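Here chain A shows up in two complexes: once beside chain B, once beside chain C.
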Partner chain A sequence: MSAILLVTLIVGGTALLSWPLGRYMKWAMDPDDAGPRRQRLERILQRIAGPLGRPQQDWKLYLIAMLVFNAIMFVVSFGFMALQQHLPLNPDAKEAVEGSLIFNTVASFTSNTNLQHYSGEVAMSYLSQLFSLMWLQFVSAATGIAALTALARGLAGRKEMGNFFIDLQRATFLVLLPAALIVATLMVLGSMPMTLAGSVTASTLEGAQQVIARGPVAAFLTIKQLGTNGGGFFGPNSTHPFENPTFWTNALSMICIILISMGSVWMFGRIVGRRRHAAVVFGVMLVLLLAKITGSVWFERAPTQAFANLPAVEQVAGNFEGKETRFGSPYGSGPLWAVLTTSTSNGSVDSMHDSLNPLTGMMPMIGMWLNATFGGVGVGMINMFVYIIIAVFVAGMMVGRTPEYLNRRVEAREMKLAVLTVLSHALFILVGAAIFAVTPWGRDTLNNWGPHGFSEILYEFSSASANNGSGFEGLGDNTVPWNVATGLVMLLNRYIPIILPLAIAGSLAVKRPTAQSAGTLSVQDATFAAMLLATILIIGALTFFPAAVLGPIAEHLLFM
Partner chain B sequence: MRSLIASVRVALVTIAVCVIGYTGVILGVAQLLEPDTANGSLITNADGVVVGSRLIAQKFTAPEYFWSRPSAVDYNGAGAGGSNKSPTSTDLTDRAVELVAQYGATPDKPLPPELVAASGGGLDPHISEHAALYQAARVAGARGLPPARVEALIRDHAFAPGGPLTPGRVVNVLELNLALDASTESR
Partner chain C sequence: MMTLLYLVLGLATFGVLVALTNAVDRWERD
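Then we have the complex of A and B:
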């Protein structure tokens, strides 16, 4: 009962909050008629960017600017991390990080994934945490919001997609930073540590010595959640009591995980000038989200199977392994968070996904496979746009009319790019998992055997390709093959699903608008919603069902 | 080349604002408003020695103390983690069998499941009120205290972490054990 109340409050409350946020994001990212104060601000942003901050960019120039800036992000943060042992802000004397691990980590945070093959409190100095990783958590999220803004401008029929350097600063300074300042203050009030002092050694009541790692956690955690980043300050992420001290910080974290992704949908609707269409898309996403939450909460009610034959252990509902007591019911916030964090591309965890019941563990995987249930900030809506193009095209073919989207004809070129985007995601996950499942690269790194071992590999590639970052963390993934393979997958599948959709939008923007007629397929009614939902589910099921059968479904059938 | 220069400029400004500025502000707010929790909710004893953190579980094995939940990392405060075992894993069964023996649990007095299941971070500072009451008889016996007194202490320390949104009450193990020590000394 308390679980149902929690789900309703978190999801419903955030959905309500996202509406005014979307309105604000439209003002921040794509101002119509700016007042004098806003104009002053825009001039400052232009001055920061220099001469290139002024001209409008078409989709190609916009993409080039984005890729160059992202390359700088990679290089700068690589530098800080590679030199951490020589630099200040290292009170616990952390040593050099191994090369392939730096590559993987920097690729991971640049691509907004935050897959972590290291443990923060063990490997990273405060300088690496703040100047490499937390900085990337701001600007990689801002990159996603900027990309969606550009896409929406293209779909609104503008040939010029804006200026990337300005959009990135708007997203950073006007959207992420104010939100982070508010939320981080609340986190501080919620007992979260925020200090630059190093670890402290306690003499426990039984006379042992316990070294307790601390750090600037509140600042880091906040942008981790708001920017759908997910990379934890500590190894076990938001299960760590310092990274999530109370039930209330846990609830606030869940709100932050989905808030800006939800707001992005409304912002998109406002920029393209189709709020009703945005409402339909939002509705489809919400249906998918609630379906996954229902599934995961339900499956997590089953007691831990490993204790089933022990009469001296109480048999009550819920699987407690990997859960924290302060977050309440074991089938409440754990499975709810698992779905929220993988529907958006956040990837932080407040329970150990490796220890979820088999079918519960499948729900996060489904989230990452579809990757468009609100999705990452900005990019989630871009992924949904690709599904929309496919749905519109299929619907057009079914009724024998030229498919149109927002008064532009969708033709073979756009459809090819859309299908390519969907296929690349599937390819990276399935081929990657297949290779690692049959070679020692994967097999020698497992923490569980049988189908659950396969799930660990499948989850890791799903997480990398979806730019999610959560994991079945038992996997011993800090090896050169894992670091290189997932590093490459994260980078490729960060930029492919931005480049190709922007190319689609660019190609649509230069077409002559078609006149709306009685035969035009409406994209803002229930028929379209059903069509879109069916498209997403059919593509997802056809692609990933066989893999799901080998992993979580096989484990459930064999052992539960 | 021109994009490169623009990128570097924007990078430097975002580092200055979002890393130095933002961290500085939050650090200031935290150290000003909540210096205790901002530094890790540390507990010091009468001699000024840090005995632990309210938020970090520590290892208890003596019968006169309440025991924390099992930890996959042996309560390592500088390298936290969970077991990451599948709930179908026999490794978990083996661990549970050991714990059943340690607690002396029987089918008539079965162990609450959270006391055989490791937490996500291995540092969960709480156990449920139910799991604390389960241990009350052992603690009272080891300290020679009347069980009712220990149970009253548990009830005093129990709280609902999320009000109506959480089904039961929990207790902080370290704080409970400290209170226990204090009440035993003052006897």
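Then we have the complex of A and C:
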């Protein structure tokens, strides 16, 4: 009962909050009123961007600007991390970081993934944490929101999709920064540390000396959740008592994880001028999200098999392994967070995913495989747009009419680009997992054999490709092969699912609008919602079911 | 030295992505 109440309050409450947020995001990202206050604001953004902020860009120029900016961020952050031992804000004298780990970490934070093969409190100086990693948490999230804004403008029939540098600033200064300031204040009030002082040493009751790491945790944590980043200040992420001290910070964190991703859907609907269509898409995402949460909470009610043969251990309240009891019921917060963090591209954890029951552990994987049940800020809706194109095309073929989406014909070219987008995600996960499952690169880093070991490898590549960043753990992943392979997957599959959909939008934008007729497929009714849902499930099942059978399903059957 | 190589690897990946964007654009025009 408490689990149902928690799910209702977190998911339902955030869904309600997302409606006004979507309206605000539309105002922030794509203003159509020219009031004097807004004009003054735009002039400031133009001045910051300089000559780069002036030209209106078509889809290609928009993408090139995005890629060049992200490449520059990659180089700057790489430099900060490589030279951290010589730079200020290093009170604990952190040493240089190994090259492949820098590559993986910077690729991870640039791509909004935040897969962490290191422990922040051990490896990173405050300068690296704040001006390299936290900075990237803002601009990588802003890049996603900017990309969705450009896509929506294209679908609204505008050949010129705006200016990337202006959109990036709008997303950073008008959406993410104000939200982060509010949430960070609430987090500090909820007992989260926020200091630039170094670690402290305490004497334990046994007389031993214990070094306790601390730092600017609240600032880091806030954008980590709001920007669907997920990278923790501390190695244990949101299981750490300083990064998530109480039930209330835990609940607020969960709201932040899905809030802007939900708001992005409403913003999209407002920019394309189809709010009912956005409501249908939101409904489909919500149904899938609730299905995963239900499965996750249900499967976690069973006791863990890890304790099954231990004497004097009676398991009567679900799977307690890897859970933080300060967050409540073991089948409440832990599985709910696991689904929310993997349905969006967040990836932070408040319980150990490796310890989830096998079928519970499959739910986060499904979230990352579909990657569109709200998804990352901005990019989740872009991923859903790809499924929409496929659904519209298949529906058009089924009824023998030319497929149309928002009054533009969807033809073979758009369909090919959509299929390539879906295939690239599957390719990176399945091929990567297959290679690492049969070579020492993966096998030698496993702590578990059999289906569970395969699940760990599959999860790692799913997390990298979906730009999620959570880890199944139990995997010794700070090795050169893991760092390089997942680093490349994160970078490539961050931008390919932005490049190809924006090309689709660019292609649709230049087409002549078709007249609405009785034969036009409506994209804002229950029939379309069912079609979209079926498309997502069929593509997901056909692509990933065999891998799921080898991993979590086989493990579940072993215990029966 | 190895650290520099990893920096080059990252930049090369961005180069591939820019090339992909150009290739899709050319394909659109054809």
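Here is the rule we use: the second predicted complex is superposed on the first by the 557 of 560 C-alpha atoms of A that agree within 3 Å, B and C clash if a C-alpha of one lies under 4 Å from a C-alpha of the other, contacts with A are read in each partner's own complex, and residues count from 1 in each chain.
As a working rule, contacts are C-beta pairs under 8 Å (C-beta built on N, C-alpha and C of every residue); 3 or more make two chains touch, one makes a residue touch a chain.
The shown structure was predicted, so the numbers you read here are calculated from the model rather than taken from an experiment.
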Touched partner set for A:228, first chain B, second chain C, both or neither: neither
Chain B versus chain C as contact partner of A:343, first or second or both or neither: neither
Between chain B and chain C, more extensive residue contact with chain A: B
Which of chain B and chain C A:64 touches, first, second, both or neither: both
First, second, both or neither for A:128, with chain B first and chain C second: neither
Chain B versus chain C as contact partner of A:445, first or second or both or neither: neither
Touching partner for A:100 - first (chain B), second (chain C), both, neither: second
First, second, both or neither for A:492, with chain B first and chain C second: second
First (chain B), second (chain C), both or neither touched by A:467: neither
Partner chain in contact with A:503 - chain B first, chain C second, else both or neither: second
Shared contact residues on chain A - chain B and chain C: 64, 68, 71
Touching residues on chain A, where the partner in the complex is chain C: 60, 63-64, 67-68, 70-71, 74-75, 78, 82, 99-100, 102-103, 106-107, 413, 417, 484, 487-488, 491-492, 495-496, 499-500, 503, 506-507
Touching residues (chain side chain A, partner chain B) in the complex: 1-2, 5-6, 9, 48-53, 64-65, 68-69, 71-73, 76, 119, 121-122, 130-131, 134-135, 138-139, 165, 168-169, 172-173, 176-177, 180-181, 184-185, 188-189, 191-197, 199-206, 208, 210-214, 216, 218-219, 222-223, 234-236, 239-242, 245-248, 251, 303-307, 309-316, 318-330, 332, 349-352, 354-358, 447-448, 452, 472-474, 555, 559-560
Chain C residues touching chain A - in the complex, by the definition given at the top: 2-3, 5-7, 9-11, 13-14, 16-18, 20-22, 24-25, 27-28
List of chain B residues in touch with chain A within their complex: 2-11, 13-15, 17-19, 22-23, 25-27, 29-31, 33-34, 37-42, 49-53, 55-62, 65, 69, 75-93, 96-97, 100, 105-107, 109-114, 116-128, 161-162, 164-167, 170, 174, 177-178, 181
